[in-house]
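Next, two complexes with chain A in common: one pairs it with chain B, the other with chain C.
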Partner chain A sequence: MAFVAPKETYSGKVYQVEIGTDKTAVFGGESVLPFNSFEGNAPNRPVVAYEIQDVAPEDWPETVKKVYDGVSNDPVAWAKHCQDSLNARAIALRLIGTHPDRENRSPEDAAKTVKDVLAAINVPLIILGSNNAEKDAAVLVAAAEAAKGKNCIIGKAQEANYKTIVAAAMANNHKLIAMSELDINLSKQLNILITQMGFDKERLITDPMCSALGYGLEYTYSVMERIRLAALTQNDATMQPPMLADVGMYVWKIKETQASEADLPQWGTLVERGIAWETTTAGSLLISGAELLIMRHPEAARAVEKFIDELM
Partner chain B sequence: MLIIGEKLSIIAKRVREAMMKKDKGPIQEIATRQWKEGSGVIDANIGPAEDGGEELMQWMVTTIQEVVPLPVCLDTTNANAIEAGLKIHNNQWGRPFINSTSNDPERFPILELAAKYNSQVIGLTVGKGGLPADAEERTEIAAEIMGRAMEYGVPLEDLYLDPLVLQIATSQDHALHVIKAIKMFQEINDPPMKTVVGLSNISNGCPKALRPILNKYYFIMLMNAGLTSAIADAHEMAEALNEKKIIDSVLAGEKLDDAKKMMEITKTLDVIMGRTLYAHSYLEM
Partner chain C sequence: MALTGVQIFKLLPKTNCKKCGHPTCLAFAMKLAQRQASLDLCPDVSEEAKKVLGEESAPPIRPITIGSGDKSSKMGEETVLFRHEKKFVNPCVFAVEIKDSMKDEEINSIVDDVLTSEIDRVGQKLRIDAIFIDNASNDAGRFENVVKAVASKAPGTALILSTKNPQAAEAALKNVADKKALLYGADESNADAMAGVAKTYKASLGIIAKGLDALSALSEKVKALGVEDIVLDSGARSAKEILENNTLIRRAAIKKNFKPLGYPVITLAQRDDKMLEVLMASLAIAKYSSIVVMSSIEKWKNLALFTLRQNIYTDPQVPMQVEQKIYNVGEPTPDSPLMITTNFSLTYFIVSGEVENSKVASRLAVMDCEGLSVLTAWAAGKFTASKIAQFIQESGIENEIKHKELIIPGYVAILSGAIEEKLPGWKITVGPREANGLPAFLKTRGN
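Moving on, here comes the complex of A and B:
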């Protein structure tokens, strides 16, 4: 007799999140484990967003820096390039220049960059702070106001600074990334605290913190997998927001994507190595449940889109 | 159910200062209170005590037994300090306990002391290779500790197996592993092995108000699984025993009239049983 694959049904599902106003992007909404559309509903493709920054990426490794030569010195040009030449479905603007140890740009500077970029593109925008908890509280408030009405994602709210950022996201009608550090219980607690403030749980995105292959990928993978299982099998509403994998930032700072062929010939060609590292990290986290990815190298992003094509 | 009173621990500021200054007052006050609250043994945790451990342990044992007619549980990794305490322990109210031996070779000499001084001994089911993953691994280790105890001449009825309670805030799945381990430990010998837990570990790292709630309900679950004894807060355990009936009725499927209590019990049981992910605000959900 023919083999019939057993089908699981789950009591819960992932919330669907839509961003943007002009051209929109939708992710999440599935009622099954990642890509298991044979057993239920997986209505949306994961979204890959291209990362740009508010200052020129002097600290990015050559492999990924030179791809953006000529545009990366101007966030507006950079954003346009990603949208028009690379067909980005969304753009993530990381306001790294506002970090106190970097250019220490002000919230007002950041707000201006946000306004300029928004005026230049019609795909959805994700706005990220510099990950300095104190500065981000001020920067993201200004950015959220500057982006009012554009249905952006503001990120990231953390335990140390979530109150002000949540208030700004609520007041300006944005979606919000809640980030915790590889701890599923703290991730749940942060989502609880945020929703207790009155923030709609269906406007949240959970970031359990990405790690590059070889630098903790399996920890991120396990936490994501457990979050997704809690959402589906326990119908745990606090764990039902879609998840973010902020891949590019974590991958392009490791040795494997930067060490020269002269220094480490046994590691093979530098360019391919870096692209493969970003592709593998992103691909793995898609399987553990990431519905939104932020990536840097266009070839890695393209490889990931092909991967998604084959899995869906 | 034997309660080993946990409060005389070097981790507590007031106790630590009394130990450093050799101030009898706080030690005797806390020992007496634990005795009145129903402790059958008083744990004396002096920490690693690398310097002056022997004098400190002897001081703790005599100070405690001056006012409280109970045996002492000698809690330290310093084997010399344990021996010093055993030498002067007053056995008229019961034999002392040693806390603890384990599957780590550095802890094997503890069994020699237990045999030499005819004391009871706690065996922690953990080895050198990291935390045990589940009930089965804990039971494997338990069997090894039992074999070793017999080699050293410690009667199995003097060995209390401790399955290593981990904090629910970061190791939620271990709550169930430990309950299963308590059951399995009773099956590996006839008569069944005695068991003990460091109960308050379950709520380590949780908000202060949650700790007694988690401690009490987890204690009841472990009791129902056959737990022999616990290193715990005697007052909390007395409260737990008072509430055992209503907790057992909820476990049996009954609904309480007191809605708030019902919520507290069901939500806490859901977290202990792994039906809901733990978060510090789990009671508010």
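Moving on, here comes the complex of A and C:
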């Protein structure tokens, strides 16, 4: 019985998105399942963006916080460090300090941080709110204006606040992250609502919501696989934006990245365990369809880049 | 290619005797074609039909067990390409490599690590399942001695014996003939001799060829030599090759019922860079490998990979559950708040995560609602006032806390009066509807 390679051809493809203005980054664009370049076109490397914050990362676990000692109290220095010393292809600035339960920084403060960071780097910038739906609406409008013309990604628009954020991204010519909670139908619905406002679907990035290894990863993994299959096999345009995995913030708050080896000797050394947790979460989501990853630990990001080298 | 119902019907007795429980032979044939019935149900089927149909109705990926006793591992029997379609059935085997050229102390230390690798996670006992012993020394005597030593030190652990030399294979295998080892392996140069050794000592046989054409041909060859239990190595070593070959093998077996590739796959994932090895193993876990061979098994690495394997092999149709009990978040005192929620794992992870974010030490009572979320459990009558009251009373929590206040999810605010009736002396407080409201809620209470 002779072997005939059972290759697939698909009717749909993922939109290609380009961000930034100086050193740009391009991702998406493939017409096959993740890295299945043996049967079709997968032209672009997924992008790993380094996460920085507008305020010092007091809530990050020690093992990832100390990597940024000396730069993390200043978002500009932090961004330059990621770009120049860690060779980041993109920076993700999370405006966590604007959250009402945190420093409650104003939209004007946030806008200034965005301007300062943009002036210091030439790689693309992703601008994220604090995930407080109400405050994000005000903060992201100010941030989008401050970044006008820089072809950034703004996020995250959610069902509760998408209208103002979509309008701000549209007016200032940015790309937009649409986030819904671990459900392919919710994700599709939000993408439809956003495009009905006149936002170009080819400027969207879908965030189906990340989960950490051991804490619901399989849900994110399967929702991503289903979204990608819908994009390719059903040629469903609402499912064709590239996908984001916002890995770092979900990984670095769970017990496995914080509990000491003294307390849990059977879990092994804490430093490697934390890095492995972020690495494994990111690697699995790359395989299930993420083209844009936001990560924290440079060692995890480095390993993921090597993995992508082998997969491309 | 799978047979149609009509093709199967032609092989049946056509007596419509109904002994199989179906009204006609044609109806039975249709069920067989859909793999919803077993041929054993027909008492009158001919030997010829059994042979043809037996092969046809066999699972698309042959089940193969390595190891013996309670730590043996079953592989294969997968039926889908994507885990949302149906559960991935038999979790892949994790193996660590030992080279027989290593010093004895080093070998002993790796075997010790295997023996102490067991971790309990969400109620499952997870461990390194197998030891892959490579005849790197090219010395048959050394190989035999190392295999003997490892087998006596780790009698319950499955063995994979890696050698291309049939004499070395026989020397080693004869000492572990009762252990259902995997002999890895046979290639085009030694297939006849290796097949003979595997048959004699009832081992399964790993076959190695470069590319899927050569692998299919080799698979048919060793099967013709009488070896039934085969494990495939397509020679893929880079991440790109592993993804491509494993995908094509799984598709050929499941979608085309292509028998020569209907076997479990072994992946050599070793890398000098430990984090990269973690990623290679992650790829193998997610993308269809049945055996993943690694160069090292540090505890931190095992924990991450055990967890990933558990996540990928979870049944997508059965909600993951956490154990019913009262969990501490932080270090609660007798005055700390007490909250209740259901035992759907995502509910638990999200609620406990937000309580942690609040930095308010708390107790979280997680009630068994068969893995349903709060609203679903309430609608299904599993998260009711009387059941909540019973759980709180039987938990004995009253003896550990000073107050008698229970915070319930905002979505079941309607239950507060009824719970107060069933839990005399308790105050029921309605918390936020969504978990992300918990940090603000807990902080403003000022516990």
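The rule we apply is simple: the second predicted complex is superposed on the first by the 308 of 312 C-alpha atoms of A that agree within 3 Å, B and C clash if a C-alpha of one lies under 4 Å from a C-alpha of the other, contacts with A are read in each partner's own complex, and residues count from 1 in each chain.
By our rule, a contact is a pair of C-beta atoms (placed from the backbone, for glycine too) under 8 Å apart; a residue touches a chain by one contact, two chains touch by 3 or more.
Treat the numbers as computed from the prediction; the structure is a model and nothing was measured.
Of the two partner chains placed by the overlay, only chain C lies in contact with A:E218; chain B stays clear of it. With both structures placed on the common chain, the touch criterion links A:N36 to chain C but leaves chain B unconnected. Look at A:D183: by the touch rule set out above, it reaches chain B but stays clear of chain C. Look at A:S284: by the touch rule set out above, it reaches chain C but stays clear of chain B. Looking at the shared chain after the overlay, A:A157 reaches neither chain B nor chain C. Using the contact criterion defined above for the overlaid structures, shared-chain residue A:L193 touches chain B, although it does not reach chain C.
Within chain A, the residues touching chain B in one complex and chain C in the other are 226.
Those residues of chain A lying in contact with chain B across their complex are 183-186, 188-189, 192-193, 196, 226, 230, 234, 236, 238-239. Considering their complex, residues 169-170, 172, 275-281, 284-285 of chain B touch chain A.
Contacts from chain C toward chain A in the complex involve residues 82-84, 119, 121, 212-213, 215-216, 220, 238-240, 243-244, 247-248, 251-252, 255-256, 258-261, 273-276, 278-280, 282-283, 286-287, 298-305, 307-308, 310-312, 314, 316, 345-346, 349, 353, 356-357, 436, 439-440, 443. Chain contact summary for the complex, chain A toward chain C: residues 1-8, 35-38, 100-101, 131, 182, 211, 213-219, 221-222, 225-226, 229, 253-254, 256, 265-270, 272-273, 275-277, 279-280, 283-284, 287-288, 299-300, 302-304, 306-307, 310-312.
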